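After this come two complexes, each holding subunit A, first together with subunit B and then together with subunit C.
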Partner chain A sequence: MLTYILRRLGIGILLAVLVTFITFWMLSFSFDGIAGGILGPASSPERIDALQEEMGLNRPILLQYGEWLFHAVQGDFGISYFTSEPVVSAVLDRLSVTLSIVLVALLLSVIVSVVLGVLAASRAGVIDKTAQGIALLGLIFPNLLIAIVLVLVLSLNLKLLPATGFVPFAEDPLGWVRSITIPVIVLVINGISNMMAQVRGTMVGELQSDYIRTLRSRGIPTGAIVYKHALRNAAAPALIVLSLEFIQMFGGALIIENVFALPGFGSFAFNSALQGDIPVIMGVTVFSTLLVVSVNLVTDLINGWLNPKARIY
Partner chain B sequence: MSIAVPLIEEEKPTAPRRSAFRRVISDPQAVITGAILIIVSLLGVLAPLIAGHGPNDASLEVVNAPVGTPDYLLGGDQSGRDILSRLFFSIRTALESGLIGAGVAIVVGMTAGLVGGYFGPRIRAVIEQVFNLIMTFPGLLLLIVLMPLTRGDHRITMLIFGVMLSPGIYRIVRNVTIAVRNELYVDAALVSGVSTIRILGRHVMPVVIGPVIIQAAFLMGGAINVQSGLAFLGVGSAEIPSFGSMISSGFQNLYVEPFQFAWPALLLGVFTACLVLLGNALRDALEGARPKPTKVGKLLRAADAASAGVQAEVTCLLEVRNLKLAYPSPTGELNEVLSGVSFTLSEGETLGLVGESGSGKTQTAFSVLGLLPGEAVVTGGSIFFDGRDLLSLSENELRKIRGREIAYVPQEPMSNLDPSATVGAQLVEGIRASTGAAKPEAKRRALELLERVGIPDPNRIFGQYAHEISGGMAQRVLIAGAVASRPRILIADEPTTALDVTIQAEILDLLRDLQEEMGMAIILVTHNFGVVADICSKIAVMKTGEIVEAGEVLDVFRNPQHEYTNMLLDSILDEGALRDDPPVTATKQLNEVSR
Partner chain C sequence: MAASGALLLSGCGAGSAPSKGGSSGSAEDLELVLSVFAAPRSLDPAQLDGGTQAYVWGAIYDTLLFRDEDGEFQPNAAESWEVSDDALTITFKIRKGMTFSNGEPVDAAAVKSNMDRNAATPGQEQEKFVNVSSVEAPDDHTVVVNFSAPDPAFLYNMAVDGGVISDPSTVDAERTPTDPVGSGPYVLNTDKTVNGSTYVLERRDDYWNVDAYPFETIEVKVLADRTAGLNALMSGQVDFASVQANELNQVESSGRFNVVEVQGTSTAYLNLADRDGTKIPALGDVRVRRAINYAFDREGIVEKLMFGSGVPAVQPFSLKSDGYNPDLEGAYTYDPEKARELLAEAGYADGFTVTMPSTVASQSFEPTITQSLGDIGITVEWVPVPAQNTTAAFANGDYPMYWFTMGSNPTPRDVDNFLNSATQNPFGWSSPELEALLAEADVTIDEDERAGVYQELSAYMVDQALFAPVFYINTNNVTAEDVKFIGDGTNNFTSIRNFVPAG
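Moving on to the complex of A and B:
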């Protein structure tokens, strides 16, 4: 099992190298713009050239990338062109904001999806109709619209919650809860639309399968059959949706963070990409790739535990 | 399962095209959403002709003009541009984004899926890795990083985004292609020298196209959402009118003119909602209705009140009286699968319930167990067990009878064990539920039972999963579970059909031994007269939901009264599965067993 994990991590690191190289290569098409961006709009072509020379941006791509990689493997991701912050600490700062929102949203999505999905599949009728209606809601309307409507109603009209901004948990727990409530609701509405449909669908299938009937014939209580047996068998596909959902929420946080002015990973990546802050873009790429790789690894490990047939180690 | 339930015919995606089209246009949801999409799209396509102003024509007089200003029907925005015209052009942008995004995803995903699904595992492995890489890319981030390259043009952005959407399509097409590739008719076509291209075009494409069309609607919605999101953030050229940028500027201007925000938001919402709803409607129409949930343990009640009041005058262990069972058809009327089944079973007796598939024998067995699917309706009759009508009991009361008094051995051993719990855990749980034993006691009992049903190494099997043991082993495990609480009736539904011939005999011997040991009655559902002759004392022959003949095995075999019984017996004798003197063997054993 340990060798399996190490191998997967190894592949993950190779993947990160590949992804960062592709990103770097694509960035290289716009090195002109980057130097121009640093100097400001009124700069002459000569000064741009000079700065590129100074930054080493007109050297061969492979050389530049190799240099970056050489430092990166030693944990040195450089400093931001614009704020002079070290990339690692800046990325980790923003990552904690985004993760605190995404993880809370994910947890709530799982709870709502499992409870509603299982109830819909095992009780049918009105509960099923309601659950399906809720799931459709998140599919039908774009995140952006849901976010704006919630701000309009909850913040601007009812003045219940702040429309924008972020309060760190350590500073003021209640303020933290208030500052992430609307973003979390938006992500949850979207999250449950996929996950609940998945849980409901697999549970319907499981509950109609032969082994459930046999367990019932043994006089085992319905609750134990639904939650212990059917849900456990339905959990593996749901888990895969969950991991995709995590990656999607993480990416989707970009729009949410900008709407709500949250200093998270997404808005950070957005701003540095707009500015052409190469060290930050590269750092952001590395961390998001590693995050995705770890999420996938953890998913596969839990999957193996849930589904004895799928054990790969 | 041997039910004659006329459920909806499973329509394969290969169904004739015209009928698929007809199903789509007779579905109101598909028609309404489709019509809205066509109308809105037309407005976008015709934007240059019908818009009164260019999307970026600004006029100082109409800055924040209200709705209804002459020539500016929906007013002007904060830069003095005509909102209505900008809406038309925004539809155009959304349409282009959706078509490009979905188009690229489909072309890339479908090509890779066909290649990966059709050709060998090595090519597939390479393609698989490429798509894993695509899925690892932080999508939106990449679009922003590439902004200098795309210059904010939504068309180029969507070209890239389409590639990121393609893994979904790839998965679907690959799976369908692998499935078709393994069909025998494709092998036949290959053998007769049909070229790969022709096979892909002729046999694979028609199957793939349905799911892809459905996905196209969802993909377009997704692409439009992302494009709007990016435009809202200000990624993209300010020259290009789009819902995102209109919402953004309308939002900033919310207190001056709330409608500036409302129009684009409404249109975007309607457009994406229609795409998703259309996709759902297409899926239902093309792929048939999805399985519907039914309440677990829904109670069966006789709809016919007359039979409910009948007082039990029951002398034997089990009496099924005039049992009628029906399933609702898609149109709502009831289709009867059992039309008045009656039989009795005494202590220690073995009844063979015989008939061909669809005769209702399994339905009869499940009725006695109270394990019918949720949509089944008992339309009349009663099932007396020990003087109580099982049909009038609550799920909780039934649960106490199931496992404890009436137990069940299924037909297909593998699918009847929970795949993710160990054999032992399942046995222990059943034993605890039916006997109330504590855990260590239940475990000891489970090991004893495993040994009793002839499993050589009970301790090893105890910790294994269903997929690790053989079918014969699994059937023994299931029998062990069924007899754990020494039930008074054991209902075995074709317990040997799924097994090898050599194991069949062993399982029948085991059932006979256990019956002798525990004195239980057995209802054996089977289509095999050999099995009946081997182990049963009484027989009931079923045909289309009725018992056409019943009696002692010996009598029925010797002197079948009903034409159908005769026919069944003949068809077996012709195959030589029974010897000329079956009654003699049968009687001997019967006399021993049913003492």
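Moving on to the complex of A and C:
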């Protein structure tokens, strides 16, 4: 298994190199604008050219990329062109904000989806209809709309929760909970609509399969059948949806971060892309690639543990 | 210090403002929370920029001069200044007894060191020192700046980002971009500050001019999304936001806010940059450029597109600046018929096609521009340009004409921005008449006299239709009940001194 993990990590790193190269190559089309952006609209063309030269942006792409890679593998991702912040700490600061929202949202989504999904599949009837209704609502209404409505009701009218901003957990745990409540609700509504449908669907399938009938005929209690046997087998597809959901929440964080003015990863990546802040964009690319690779790896490992047939190592 | 109404100033207008942070000590601890759209860039003195990021660096740094609400220069870190008769030397007397926040003294050597560094460091400030030939510090409190050519914009620059004084002993240290040492009224509280998101500034009680800064704590929150900014304002999380005209109703109907509309904080225009006709021969003909000016229904556009929050414009210079020439109003009315005649006269009866860059700034106006120009026979094709390429695309001369929004400035800076900058004059256009007017302005030291020259210059720019200005954009400054925004746009510097406790 260790070799498997190492191999997967190795592939992940190769993937990161490939992705960063493609990113760098695509960025290179706008290298022209960077010196101008730093110097501001009032600067003269000569000065822009001089800075361009000084920054080495005129050199061959491969050389520049190689130089970046050489520093990056040593953990040196450089400093932002525009704020002069060290890239690594800037990225980690933003990542912690986004993760503290996404992970909480994910955990809640899992709990709600599994409970509702299993109930819907095993009990059917009103519970099933209600659960499906909730899932449908989450799919119909976009994140942004739900977010705006919740702010309007909970923050502006009822004044229960802050409308914007983020309070770090370490600074004020209660403030942290208040600051992430609405963003988390928004993400959860979307998360459960996907995940619960998946749990319900596979559970329905499992509960109709032959081995369940056999278990029943041997007099095993329904609870044990549902939670110990059926759910374990239904978990694998749900887990894959979960990992996809994580990546999607992470990618979609930009919208939530903008609406709530959270200093997170999505808005950070967006703004640096707009400015052409190469070191930051590259750092963001590396971290998000590695994050996706690790999430997929962990998912595969858990899947193998749940279902030995699915082991690929 | 004004103590009345102080209790409410910590932003609890809504009664339950959560997470306002800050220490709530005595009732006199006034706190001001501002919202801005974009995070400040580097706080390194050579990289500073205007706009709302000045709320942060303007609190940390002192500037040599200060422009008051009437647009008059006032002493600041410099007690006095004197311009020589040939305008080639400016002598500043530096105030005695000032200290940086780390205790180092502010002296002439520090000022000289800042100027030398700005001139030598690639960044936003470098261009502003291009005419400076040398800086001398003959004694501890005298700084003499020598110029290779007269630079009327220099004093204005000394009242804004160009005139900041940082501590020379730490300016090259790693902390400077995020936590610089200045001699200004506030210091950054790095524990409570989150880069790119929240900046908490605490007043220095040993600051020489502490009375001019009534707020003990200033917090600047970056709320990039307009809706987020409005929500934060409405829920009492911030005391100030700039609000778009179409959202004003919501703010005004609540009755809990003060609204100050400042006219003409920027000018929106088509830059008819290719005035020699290098790329599009038609633009080399003044009749064509005038025709474009006749194509816009400026009143209609302000009314419908800007929800009335603007002023029709025919000249680039800002409304409140010296160079604004009131006689030019009505120079170009909305007259498509006349525009078509002018085009026909110039030999373009069938019109022509022009390619314009589609940028973040132009997007919402593109249909209007396409239609207005289409009506007189000019076909516009829009090419999307990514945000980070916009400056370069303009400066490279890729586009013969383009839509631009320029922040308002005092005329000498406006002149540099509109006529000399890479983004606004990419084709390097000039004319003997223009050169003569600019040269005359440069050597005219008397401000009133120079204003006359600038107005003549404005008339020339309008007559030659170098640009097709469409409107000035107004800014709606909305503050909580207990804060007042002062300023009418005469001094267009975004300073924390624009905010005072109400009552």
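Definition applied: the second predicted complex is superposed on the first by the 313 of 313 C-alpha atoms of A that agree within 3 Å, B and C clash if a C-alpha of one lies under 4 Å from a C-alpha of the other, contacts with A are read in each partner's own complex, and residues count from 1 in each chain.
Quick note on the criterion: contacts are C-beta pairs under 8 Å (C-beta built on N, C-alpha and C of every residue); 3 or more make two chains touch, one makes a residue touch a chain.
Everything numeric here is computed off the predicted structure, so don't read it as measured data.
Overlaying the two complexes via subunit A brings subunit B and subunit C into a clash. Of the two partner chains, both subunit B and subunit C are touched by A:276.
For subunit A, the partner touching the most residues, choosing from subunit B and subunit C, is B.
In the superposed model, A:140 makes contact with subunit B only, not with subunit C. Judged by the touch definition given at the top, the superposed model places A:195 against neither subunit B nor subunit C. Using the contact criterion defined above for the overlaid structures, shared-chain residue A:83 touches subunit C, although it does not reach subunit B.
Within the superposed three-chain model, A:150 lies out of touch with both subunit B and subunit C [touch as defined at top]. Once the two complexes are laid over each other on the shared chain, residue contacts for A:116 go to neither subunit B nor subunit C. Legend: residue contacts after superposition of the two complexes on their common chain; A:215 is shown touching subunit B, with no touch to subunit C. In the superposed model, A:184 lies in contact with neither subunit B nor subunit C.
Of the two partner chains placed around the shared chain by superposition, subunit C is the only one that A:164 touches, whereas subunit B remains out of contact.
Touched by subunit B in one complex and by subunit C in the other are residues 30, 33-34, 148, 156, 258-259, 273-274, 276 of subunit A. Contact residues on subunit A toward subunit C in their complex (touch as defined above): 30, 32-45, 47-48, 50-51, 54, 82-85, 90, 93-94, 148, 151, 155-156, 159, 161-167, 172, 175, 178-179, 258-261, 263, 267-268, 271, 273-276.
Contact residues of subunit C toward subunit A in the complex are 14-16, 18-19, 39-42, 44, 47, 49, 122-124, 126-127, 130, 176-178, 194-198, 221-225, 227-229, 231-232, 234-235, 237, 386-396, 416-417, 420-424, 426. Those residues of subunit A lying in contact with subunit B across their complex are 15, 18-19, 23, 26-27, 29-30, 33-34, 120-125, 128, 136, 139-145, 148-149, 152, 156, 200-201, 203-205, 207-222, 224-226, 229, 232-233, 247, 250-252, 254-255, 258-259, 266, 269-270, 273-274, 276, 281, 284-285, 288-289, 292-293, 306-309. Residues 133, 135-142, 144-149, 224-225, 228-229, 232-233, 235, 244, 247, 251, 254, 261, 265, 268-269, 272-273, 276-277, 280, 290-297, 369, 371, 373-374, 395, 399-404, 407-408, 410, 412, 415-421, 426, 429-430, 433-434, 465, 467, 478, 481-482, 484 of subunit B touch subunit A in their complex.
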